[in-house]
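Listed next: structures, encoded as structure tokens.
Note that subunit A is present in both complexes that follow, paired respectively with subunit B and with subunit C.
Coming up: the complex of A and B.
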């Protein structure tokens, strides 16, 4: 019952947001109406180019959360595959996989993101590539450890005695037990990656103009902090709210799966 | 012990080679022919024979690994090439900027330790006290508010409104206060949680309970029995966080217009100054690899029991 209400309210918010964004163009500039205070047409006012703040906030949210989700899905998939293979299916690869993860995990993702932005040009693609190139290691390590623990349990041994092939055991008996843990970490990482994306957009190397991004909006709005603090407040509010949301989600999942 | 250090050095040395090989290859990914690029920079008339001659001269006809070895031997002699924009040697540029960045990172780390060690310890021992609530608040801020927002807030309050500290730039110690404070709060939140949970784990261990029963004073209990066992996780966290510190300073340097290495890199990205970026990658690799080597050795010294082979665990 509670879950259904949760889904319905989520959908309702989504519909309202979609209606709001399609009403006002987030890219339309209007220099005569710049830095306007909230009105019926612009519910949160306009920015320094006269663009509607609310519709830009909502579009930015879609972009940031979407990118973060894509990154998490890619890296978690890589981590699950590599971790399961090295931890259970083909143990001969264990040494090399752990050594490579141990070496890669120490490298700062921001540094790689900067250099990739320099080589490929500052863009969303180079940022996604850079974060993914480092992030897969933490999932591989996590899945590896979990799979190792799980594979010593009785039901896995029983499956092996019954002559099931290792890939089949991995899919049917090991991964289902491991998945809740991975989901918890994924929901927590969602917020961390959003932090990273907005930080990079803030310094101008992430999502590029004219596309809106919360960090980029703060970077544009900070010059008007004294006269128009709302331009910084709303994107900041959105970032913090989203990250707290992702933390709450992970606590909820932890409790739900009892991991 | 010497064998351990030798083995770890070998491992990390190998990692260093692999990393630098990738950073060497990365510049090959740059769209366009580097030879044409160089000729264009010098504004020379380009003809085919000239291109071939220069290609030969610069060693682009050699196999990749020969090029890599040559490049690496230049790096070992601290020659990272010249900036494409200013023509200065990259090492020259780095000297000033890294000094500034290390000051900032050291300041941030100092703030983080000063905040986290007492707060983390108090909140483990006295979970209901005011300090414990402060610690919880700080760790929530550190993990859910982006550092540039903390910085923007501090800048607005202490530099713009109160005018206690300069808004940006780097002149004198007072320009270091706000960036270090921001970095310290952002990093310190993570430390607080780690210190608290580690201490709680150790305090529940049998030998600590026994020591308490034996009537050992709480001060001695903390320094001799608990702190030592709580140190290894904190040290390994430290090794990891130095890497994230090097990333974290970039954003703050841009925010406070602080002339450190991060600012230099962001400018180099926008000017497409490839040798500087490559040097940055190599230098960061060196730094991260050596810090991890030191961390490994320190952990080995603190937890000898984990490495003993004669005792069954």
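Coming up: the complex of A and C.
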């Protein structure tokens, strides 16, 4: 098992290092070398414009995973702040926050995100905003519920009786207990958001050309599915691999935090 | 100092506490005695403003002539003026904070400078070694956690300490030791509201004993008053306490 892990990690590091050191520009087109088969210079071949597939895959990976991370951080932060305030620090806000999250949750989130992205116009900013706008509600509800559960625990009540202020109790007693749950959900959501970003790029509402993105690469490559299926296979493989990775990460976090 | 005036608590029209009135004076040790479900802990929770919103409360609690709701809003009386020792001491500490962090938080919350010497001497008094400060609650025994509860409740020298059935789960010797520790820690400067099932314990330490039954105070007075009481519930409590039974018998023989 250890040996297999070592070989896979070694191969992954080699591929990344090779792509980085070979200095292939992911944007450089070469129509004379379009749809080329894998070679030493282009390890995974070239696309329909003669661009290096491997370097575009790696750059797309950075963009997709980076954007997902940013979106999850934004939505989780909003959820943590609103959930904690409405559930513990200032309970008068509870009704408003609950009503708003309930109202948003009625709509199917993917459809709502597509509508929002369509209204805002296709760009990275619109993509981040649209997905963040549909995702914050689930984090707020989750944090709100967890905070309500935590606030009845003995140590929270003891802290109140010892005269600690509500914000201090939230920071010192409630959030440290809630955070492991949120981290697990965040790691699971990473895969979901990656899939959503790819879907948006696939339909042309996400990352715009010439920037590479896995969903966008599949969209471009599908025209050559019969002649050059690798153009679709590699980005799809990367998406699947990352989602499996995020699921495994969440399993590990669940075990680690015992939640 | 603490005055409870006509306090009644209901849940869906079902009375849980009815017309409870009493006062605790400075340096007075008051014991609240009664069977499980008599409303002792509910009374403590209402003093600590920890009642859930679903309960309907009437009556007033005064702390130093100020309504306790207003007093707790204007300054944090809890932890500083009123110390509380909980019944469930094992769950009273956050598992991810060290004991030192718990104590620091208490000091910081009341704008008090963290006084290491004061903590050290208080710890020595209740047989806690200084190295335990850096430990997490899960690394401590039940007895050590309970002593830390005593420490937290008394370290800022509050004028009233409320102890909620803290000797319930302890053997007789340890219970006696804990009570003696508490007595020495609060000294002559604090009052005490001691909630207990054990009438013998109440008789030993209290200046004033309140007997609760079904949400009411059915009898009140000092040791002598209770021994001579004609109240049937107090009588039954006295008969159930074997030590008192013997003492009562002795007194009876002496007076004859």
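By our rule, the second predicted complex is superposed on the first by the 225 of 259 C-alpha atoms of A that agree within 3 Å, B and C clash if a C-alpha of one lies under 4 Å from a C-alpha of the other, contacts with A are read in each partner's own complex, and residues count from 1 in each chain.
The rule we apply is simple: contacts are C-beta pairs under 8 Å (C-beta built on N, C-alpha and C of every residue); 3 or more make two chains touch, one makes a residue touch a chain.
Predicted model, so just to flag it, every value in this text is computed and none were measured.
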| item | value |
| --- | --- |
| Which superposed partner A:114 touches (first subunit B, second subunit C, both, neither) | first |
| Contacts of A:173 with subunit B and subunit C, given as first, second, both or neither | second |
| Contacts of A:153 with subunit B and subunit C, given as first, second, both or neither | second |
| Which of subunit B and subunit C A:97 touches, first, second, both or neither | neither |
| Partner chain(s) touched by A:191 [first = subunit B, second = subunit C, both, neither] | first |
| Of subunit C and subunit B, partner touching more subunit A residues | B |
| Which of subunit B and subunit C A:164 touches, first, second, both or neither | second |
| Set of subunit A residues, in rising order, touched by both subunit B and subunit C | none |
| Subunit B residues touching subunit A - in the complex, by the definition given at the top | 11, 15, 18-19, 23, 26-27, 29-30, 143-149, 152, 156, 160, 239-240, 243-244, 246-248, 250-251, 254-255, 262, 265-266, 268-270, 272-274, 277-278, 280-281, 284-285, 288-289, 292 |
| Subunit C contact footprint on subunit A (complex, rising order) | 153-155, 157-165, 168, 172-173, 176-177 |
| Residues of subunit C touching subunit A in the complex | 48, 50, 76-80, 84, 86, 88, 90-97, 101, 105-106, 109-110, 152 |
| For the subunit A and subunit B complex, residues of the former touching the latter | 99, 103, 106-112, 114-115, 117-120, 122, 191, 195, 198-199, 202-205, 215, 218, 222, 225-226, 232, 236, 239-240, 243-244, 247 |
